[in-house]
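In this document, chain identifiers A, B, C and D correspond to the written order of the chains, with residue numbering beginning at 1 in each.
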């Protein structure tokens, strides 16, 4: 047993097997993958990494299992390694490559950490556990950790959740983590926290611009999936700094010196992918890397589907909570897509777009 | 005016001139210099950087100046840029190169941030302000920020200081920041915090071992001062990973995979530099990079000299506080030097050293 | 200047005039009026009083005025004394007596604290300031303090509000405190906090039951307004303990030993005051003090009307925020009225009510 | 199982038996005994009571027992009721009556809570458990709770202790709670916290003056032990307000209106009890209740004797920690005795005392 200091959970206990998983290059790599990607350009203190988040998720998973002994033990280790496959700067690059869950599976199948896992579990069994509601549910250990952690590190107070109430109210019914009556208020507060973090932190336009610039740089550099998935932020940035194409070097430099592109367009009105895609093609043809279209996926808000037990009957959280329903309605108003351009090209892109629209 | 979120101080207000200083590659580089170097190998959450700390120091400096309008305004900008010259992983590499203060001066004289400074201040004047007690005193804005910040990020509760009481009690007498009677308790608690952080965090043997390994790698790589001072953690690590010598690559890999050297000797008994130096020579001759001698400087604890005003008379803090005197006595018991070796060489080095001593 | 320790705001500075106001029996009486009445029967730690809350409101009022120098200085002292007229156990007894604002005015006109006020202000002027938006607005210093304070003392995390952002975003336009664009998110979080505190703390059924018992005891004791308004919790409880009627002694004993009445009916369906009033008459006739009807006023949620300035135009907060609109819709679902009875009479009252309904 | 909200420990779980103990008039009385007596006159927020502290002590005791299953179960219930016998305003009145531990025993032997206890334990057995190191040791659940709690409610940051590290490091050896090596730093920080709380809060001169006034009032009122031990703060204050002697009414009024006596003498130089006692007699003869001598017991600092296990051998904490030794030396410098007088009599008493000393 080893106790690791953590500002969120106080102390995190790691057993022998968890320590052996930690003690692999694949897991240590997570120390060099920031949790919130480029959000530190807005919230300078948000420098926490997937490593601490993974420990925190493991800790919460164990806590939940303590109240639900019927959950298979392996699920807590799945919680520990569930983020293994994240790319540098976390979600930023997922638009170009397979979702990070694919990459997590690849690591488990083909690296040292897989060898450790195989001492105890068959690969098929363990890969199945990655989808366990404990770690991939509508309300799970993963979300509970990151909301509180992201709030602590950004200094934004919205992420406060009564973790203790929530953990105590979760019951595993063999298929789902079901929230008992006493946990509804805490679950609502988790969804509220998520909703407010979404609009103020996760979708802050400045980090979205920086992310779009990074994505463009990686795209231009042409890094294949087999290469990017093993990279960390050090190797990726070092590579881009020495990119063969001037555009790549210019983009990464802009991010690092915080000389970011500006918004030409930023709206929550969605013209549909076809129209955006056409615009993207035109802008690329005209301006190359100087104008970037950013069309992020819509927020899913799966937590609304979490099961709640009231009077012996299962309901969806959104059924019993008008507050949750209103948050669901709100979510699309927070979503934005945009066109960003290098500061000296903003006006020109604006003129071009008005022309395009005017056609 | 811009307000930056900060978990320690709530919001940090940045005026136009501060923003222009921030908006230089030299200052942005501080985002890639961790505050506590390799301490994250023990306290995984300690990923904060010199960037946030610089903002926090600026904030406290402004707060103190608000109560002491006779302090020259430039001192708060000196507080902002005081850490500009830190090397990658902060203090770790100072054993090989000039102190970071030298490097700070170099940046101010020869880079873009210097041009911004010169719009308002003469270089000589500004370089002088770097030694102002506001930022280089026995109790100053720098120490007040880092103790609280390091505590917040490591999750170690010892760093709690009543900043408000302390700030209000500080009075600038033209030469020093003097602590008024109402601030003595808060000043004591600052020294206590420092003493406890020193032994549990700053001098934790695991990060000292990793630091010694890094130092050896950089030494073997032979990086000149003119090169290292402009590097950040990305360029340094990328360089060492591709080091020409196998030893360099092996050392950095050991740090990154957290496969660290082990202690052969670890003691607070000081045989003096001459004896240690001789041992160092012998070990290097015999084991090369496989055994490392780590002989850190003794802690200085300058805070004990802070001036306190009681009944109109100035005293040293250590004169009026028996607690501070006892902390001063303690400080050497926390100091340790050591010999570390690669795990497979520990026994051999142990045998060799007993032989050496036996001679 | 005196600095008072406060866990919410750190230190609260009190000037000479504020200290003179504090130094009156009327103000010191607030130390013996708990902020949340009988909520400590559910949240044992909620023992804070109107005294601390008054200091906190004064502190926030001064902070807001620091950003809005055109607000008349007297308003901060109005903020300090705004709760002077609260009855023992705060809002609990307002159903029997004039609203506490009346009582505040009476104190200002007829007691020692009034003499202090008159040294600086005319009574008419000062009484007018009690309605200043700084202290009686839709979003004001009063609400900002109590939400955060109640959250801290109950241990319920829902009350978190980014006070700094909010204070900085408030601008006084001569008539209202208007929220600037940068404060909308913080204002939303204040309303969320209020909504969640309302349902979990302020309207917790257990403290409502205890409150209804206290109200009944005071009613039976027949205390006139001229007497109750000068009482504190010590004199009221001591009086009820020695009440002439056995019912009074029994009720206060039940509260103090936490042997509370139980719910016979508890519902958010509102049959209207006429129907409830009839039921109340029938139950009183049949069961005397053993059955109590509790029909609290509906929540008002005035914060929704706060003004927000976006693009130079004033809007109501509820107009620009769908989240706020949904909170407004929710508020009635949190409201409940009920019938409570002594444990040994619950069944009998239940049978009687079904009969009454059955008629 | 019931979960009670608590700002210090999050949630406190109460089992069926604990709930039955709570559900007695004796235990509910603790809601009306403030933890820090009259300290709220200096730290207005310090309104917490022995009730919450008792729950917190129970919680910590159960946590420690979770790691030490050989501790008899009854000890956690002893922890719950250990403060049952406190007089109104906690330690203030212990100078006039038996120590509160005597009164705790009396309640257990002669009241409803004793009947509950006897269902499970023999009285002799249970009274023995009150001396168990879990609750009456040098470092125990009682101290751990109150230090952190008092810090939280006063807003003084000095009481921070790493409870988790400490609890995990405590091992029961059949006789004592022994601190393991990993807990030494946390134990030191507990002692530091106590030392700083002692000087800034527990021995603050203003609450000592108010305490001395209360003691004098109770002495003049002549309340017998058999009466005071069942009183709470409401019945005591109500009684003193209606005291037959004018002096009694005057003293309690002075406390409640915060018109406190002033210091004529306040010193840490101890002339010995005989000399002080003589002075006390003379002052009483001359000034009656207008001058009060306050000669508090010296601090004991028993924590220094806590056992620490290093390398399999037991040591006293003060043996292994120079910091603790220096705190022990300091403790007497924080102790003060004093002579206080009503504001209009201060000068006269001063003159009289100089005369007395001059003899």
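Everything that follows uses one rule, which is that a contact is a pair of C-beta atoms (placed from the backbone, for glycine too) under 8 Å apart; a residue touches a chain by one contact, two chains touch by 3 or more.
This one's a predicted model, so the numbers in the text were calculated from it and none came from an experiment.
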Query: Which chain pair is joined by more contacting C-beta pairs, A-C or B-C?
result: A-C
Query: If you match contact pairs by residue number, which of A-B, C-D or A-C shares over half of them with B-D?
result: A-C
- prompt: Can you give the whole-Å distance between the Cα centres of subunit A and subunit B?
  reply: 33
- line: Per the C-alpha centroid definition, the whole-Å distance linking subunit B and subunit C comes out as 50
Query: So how far apart, in whole Å, are subunit A and subunit C when each is placed at the average of its C-alpha atoms?
result: 41
Task: Find every residue in subunit C that makes contact with two or more other chains and list them.
output: 10, 156
Query: Can you name the residues of subunit D that touch subunit B in the complex?
result: 156-158, 160-162, 185, 188-189, 192, 195-196, 199-200, 322-323, 325-327, 329-330, 333
- request: Would you mind writing out the residues of subunit A in touch with subunit D in their complex?
  value: 3, 10-11, 164-165, 168, 182
Query: Okay, in this complex, where on subunit B does subunit A touch?
result: 4-8, 10, 23-25, 28, 31-32, 40, 42-45, 47-49, 51-52, 55, 152-156, 233-235, 237-238, 241, 256-259
